Amino acid sequence: MISTGDFSRFLETFAARIHAAKEELTQLDSAIGDADHGINMDRGMTAISELLPGLQDGDAGTLFKQTGMKLISTVGGASGPLYGTFFLRLGTSFGTATEIGPTELAAGFRAGLEGVIARGKAGLDDKTMVDAMVPAVEALEAGIGDLPAALDAAAVAAAAGRDRVTPLVARKGRASYLGERSADHQDPGATSTTILFESLRDALRAG
Amino acid sequence: MISTGDFSRFLETFAARIHAAKEELTQLDSAIGDADHGINMDRGMTAISELLPGLQDGDAGTLFKQTGMKLISTVGGASGPLYGTFFLRLGTSFGTATEIGPTELAAGFRAGLEGVIARGKAGLDDKTMVDAMVPAVEALEAGIGDLPAALDAAAVAAAAGRDRVTPLVARKGRASYLGERSADHQDPGATSTTILFESLRDALRAG
Amino acid sequence: MKKLINTPEREVDEALAGMAAAHPDLLRVEEPNIIVRKDAPRPGKVGVISGGGSGHEPMHGGFVGLGMLDAACPGAVFTSPVPEQMLAATKAVNGGAGVLHIVKNYTGDIMNFEIAAEMAQAEGIEVASVVIADDVAVKDSLYTAGRRGVGGTVLAEKIVGAAAEAGADLKTVTALCQKVQDNVRSMGMALTSCTVPAAGKPTFDISDSEMEIGVGIHGEPGRRREALRPADEIVEMLVTPILEEGIFASGDRVLAFVNGMGGTPLIELYVAYRKVNEILTGKGITIARNLVGSYITSLEMAGLSITLLKLDDELLRYWDAPVKTPGLRWGV
Amino acid sequence: MKKLINTPEREVDEALAGMAAAHPDLLRVEEPNIIVRKDAPRPGKVGVISGGGSGHEPMHGGFVGLGMLDAACPGAVFTSPVPEQMLAATKAVNGGAGVLHIVKNYTGDIMNFEIAAEMAQAEGIEVASVVIADDVAVKDSLYTAGRRGVGGTVLAEKIVGAAAEAGADLKTVTALCQKVQDNVRSMGMALTSCTVPAAGKPTFDISDSEMEIGVGIHGEPGRRREALRPADEIVEMLVTPILEEGIFASGDRVLAFVNGMGGTPLIELYVAYRKVNEILTGKGITIARNLVGSYITSLEMAGLSITLLKLDDELLRYWDAPVKTPGLRWGV
């Protein structure tokens, strides 16, 4: 079972790794976007870090709902509403539970993913964070029998999804303005989503 | 005796050398001014070159008065009115003469110099074209017995005057805004004045 | 990075403080970072708000005032604002007649405004939205994010603001904004990059002999990179695709807007306007109104954009109507 | 050199053609390259003209119109115009009440205007001249060319233009212009150089970590070169020497003008204005009016200048009076 404290460590890890990857993400965004993805995500996750001490002892639903609301109100850009919606839906799915099992975990992430798709209307191969998130959530769902393995598979699947769409032409978000010129560039949002699933794996493994 | 054709050759030479020194003069002006002295002088002297064919068969006074007026109406900046006044006064001094002797030559240049001083109110050591012009005119006056030698002495004196004030702090023109920072820079106007006296020497020697 | 700022984090807040200090007769700045017309809300008047990332000044904050915007929501530099801001602005300007959101077509702006509109509607405020997407550099397609909103936004804000000032209702104001969108097209280019303060280095590298054609207002790469050309050829390269849209025909009256990207000397914009005028006149199109200056910028980027708006009597009347904002002012 | 021009030789002429095409309601362009208010000469009205090198747009041509200049004489880039232009402008605006020449204190401008004034007077037109020399970066001295004319020129042109519009006679208008000069001081700085088109390369080299304090509007070197600092410190470095002039005291009302040098984003000017306001308020000086924007520029140079003008009721009234020019517009 995963406790609110475990999830809090996940968010802490995610925040720390986003901070470390700030320049890389911004650099990726400057090639096919507007050079702010790392800055945006870091601004949001820094705010989350400050929030965590007050939330880690409550329920998992509140933790993620607060996270989602905070991201929506601090990040801006495309990633703010998308990650914000993701965590909001995750929190709603978890409700007032304080211990989450593998099945609920997968269901929560599926709800989060659906929120992202509803908000951003991107599908597979549009070359967005969705291309990392879909395979990761599918790996989670497929592996609920062995959580550590499923978490690892999700992280690997996210990275594979991220890399799979690198050669493609973007069809959503700012990169789509580039048409053919967006091909052969790694998507910043798919990159931060991969970091998200890697943080989840590593934080829960450590716990 | 110096004919209007000789003077026309002088102006032609001056124009050609200014054109060749355009970048150098502008460069000097960018260090202690506004990076346009070469451009200004070249614009003016190019206009003079176009004027010369119609003037070389008339009198020396008209040649130089037209030159002065044309410089005033094409150069702008500080050098336009100054060189314009110089040639205007030179022309006025020569009147309708078509042949000019050494004494008249020196008197004409003295009148030109006085015009420059009246217009610009610079004195010796203010670090302007006046610092090249004063010794050059004095050398001309001192050497009227041997014109070729006097012309050479004037050119040499102009260059010496130009170099003598290089270490000084400018007190007139744009360079004066720099205060101490204008020291140890060669003055662009003194440089173009030196070119003027070198052109005079070389054009009359060739004639 | 050479900028007249204290720290990247404080830049937007400090600029807002500066605006509040400079223009107390026109506007006020409120939490959470919104710029509101001084006398808002005006009972019975439709509120008109817009917003987007900072770094495009005077747009949008500089257009708050009489006859234009009732409020603006500035995000971080080049990052769309957050729904809290649009919600606060919507409430601040709601005089009971509803509020129009003028949204530039960027995924982030669209989504954040959408969330705010949902929240405002949940609080009982009538909200309408119009998306400006006028950048012909981007291929229009149902299967992508579509075109970016650029120079047309400035013209929409002016015209729509005038209608709202004149008392038009939300439906009318919304339809008018859509009419501007339907009749406006833009294209831009850059000579140099901009530098996002928090990023600290230029968004793109470009050599001394190249230019970016079709650049976005966030320094997004454009249609193509090519060798620098004389101004007249550059103007041709921007005006031609705008005219190919098929909106503008011989006999039409247009508003021609030559916009500097932030680092472009005004003298160059007039050189360009001369050529725009020559091309349009040659095609039998009359420039009935013009705007030449830096109104929708990309920080210090050098370059320009050209926007054409087809005018009819209604658009012309609202364009000419009085406006009193920090960035645009006439008739009062 | 990256510029939106065709050739350096044609830049000024083409920009003037652009201005003429863009603003036929306000002005006309005549040979030999002068910009004249559309309805000049106005019988009985004192004519107010100014001029100087091009590259400082909107100054001066952008200030031709109702309530400001009757004509402007643009020289080549950064090169003072020639007497022919000032003579033609003087004649074009002479309505029989005489003409005021507002001259920035540069040797070239002084001499060329002087020659023009002599010529105009010889033709029977009454001409007065006032020299603007407000740049405190330069030491004032009887034994040098004295101070440069910079930002104060814009304020002088506005205020004097309003008085002339209101019917003041040449003596009054001249005294008013001198009063502005006596009460105005400025100082500027640069982050980057400008490039004179005909020269083709930057006027000065400056590293990525340096700034030039006290720079002139032609990219002339300033008081000193030093390490780049935060905006607040830079503002302090500019305001302090202005205040040390001893003109401005606690209890005074001033006009504060924060001016961009051409390549400076507006957002940065507001960051700076915030600090100017803070410093002056701290000293008990009230900013009664302000102007924030790029009005006297140096091509694409990044940087800013700060100008303070001590106001009295007369100056305030003329500042507020209607103005309708391409560059400044209010009250009409």
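Per-chain numbering from 1; labels A, B, C and D assigned in written order.
Keep in mind that, in the parts below, a residue touches a chain if its C-beta (ideal position, glycine included) is under 8 Å from a C-beta of that chain, and two chains touch if they have at least 3 such contacts.
Note that the structure is predicted; figures quoted are calculated from it, not measured.
Touch-path distance (fewest steps) from chain A to chain D is 2. Annotation of chain B and chain C: jointly contacted by D, touch as defined at the top. The chain with its Cα centroid farthest from the Cα centroid of chain D is A. With centres defined as mean CA coordinates, chain D is found 29 Å away from chain C. Centroids built from CA atoms put chain D at 32 Å from chain B.
Here the spacing of chain A and chain B, counted between their Cα centres, is 75 Å. Residue positions of chain D touching 2 or more other chains: there are none.
Taken together, the touching pairs link the chains end to end in a line with two free ends. Contacting chain pairs (ordered by label): A-C, B-D, C-D.
Note for the complex: chain A touches chain C at residues 26, 30, 32-36, 39-40, 43, 72-82, 119-120, 170-174, 176-179, 181. Chain C meets chain A in the complex at residues 32, 53, 75-84, 106-108, 111-112, 114-115, 137-139, 143-145, 148, 196, 198-199, 203-204, 216, 218-221. Against chain C, the residues of chain D that register as touching in their complex are 1-7, 11-12, 14-19, 21-22, 54-55, 57-58, 62, 191-192, 208, 211, 228, 230-232, 234, 262-274, 277, 287, 290, 292, 294, 297, 299-300, 302-304, 324, 326, 329-332.
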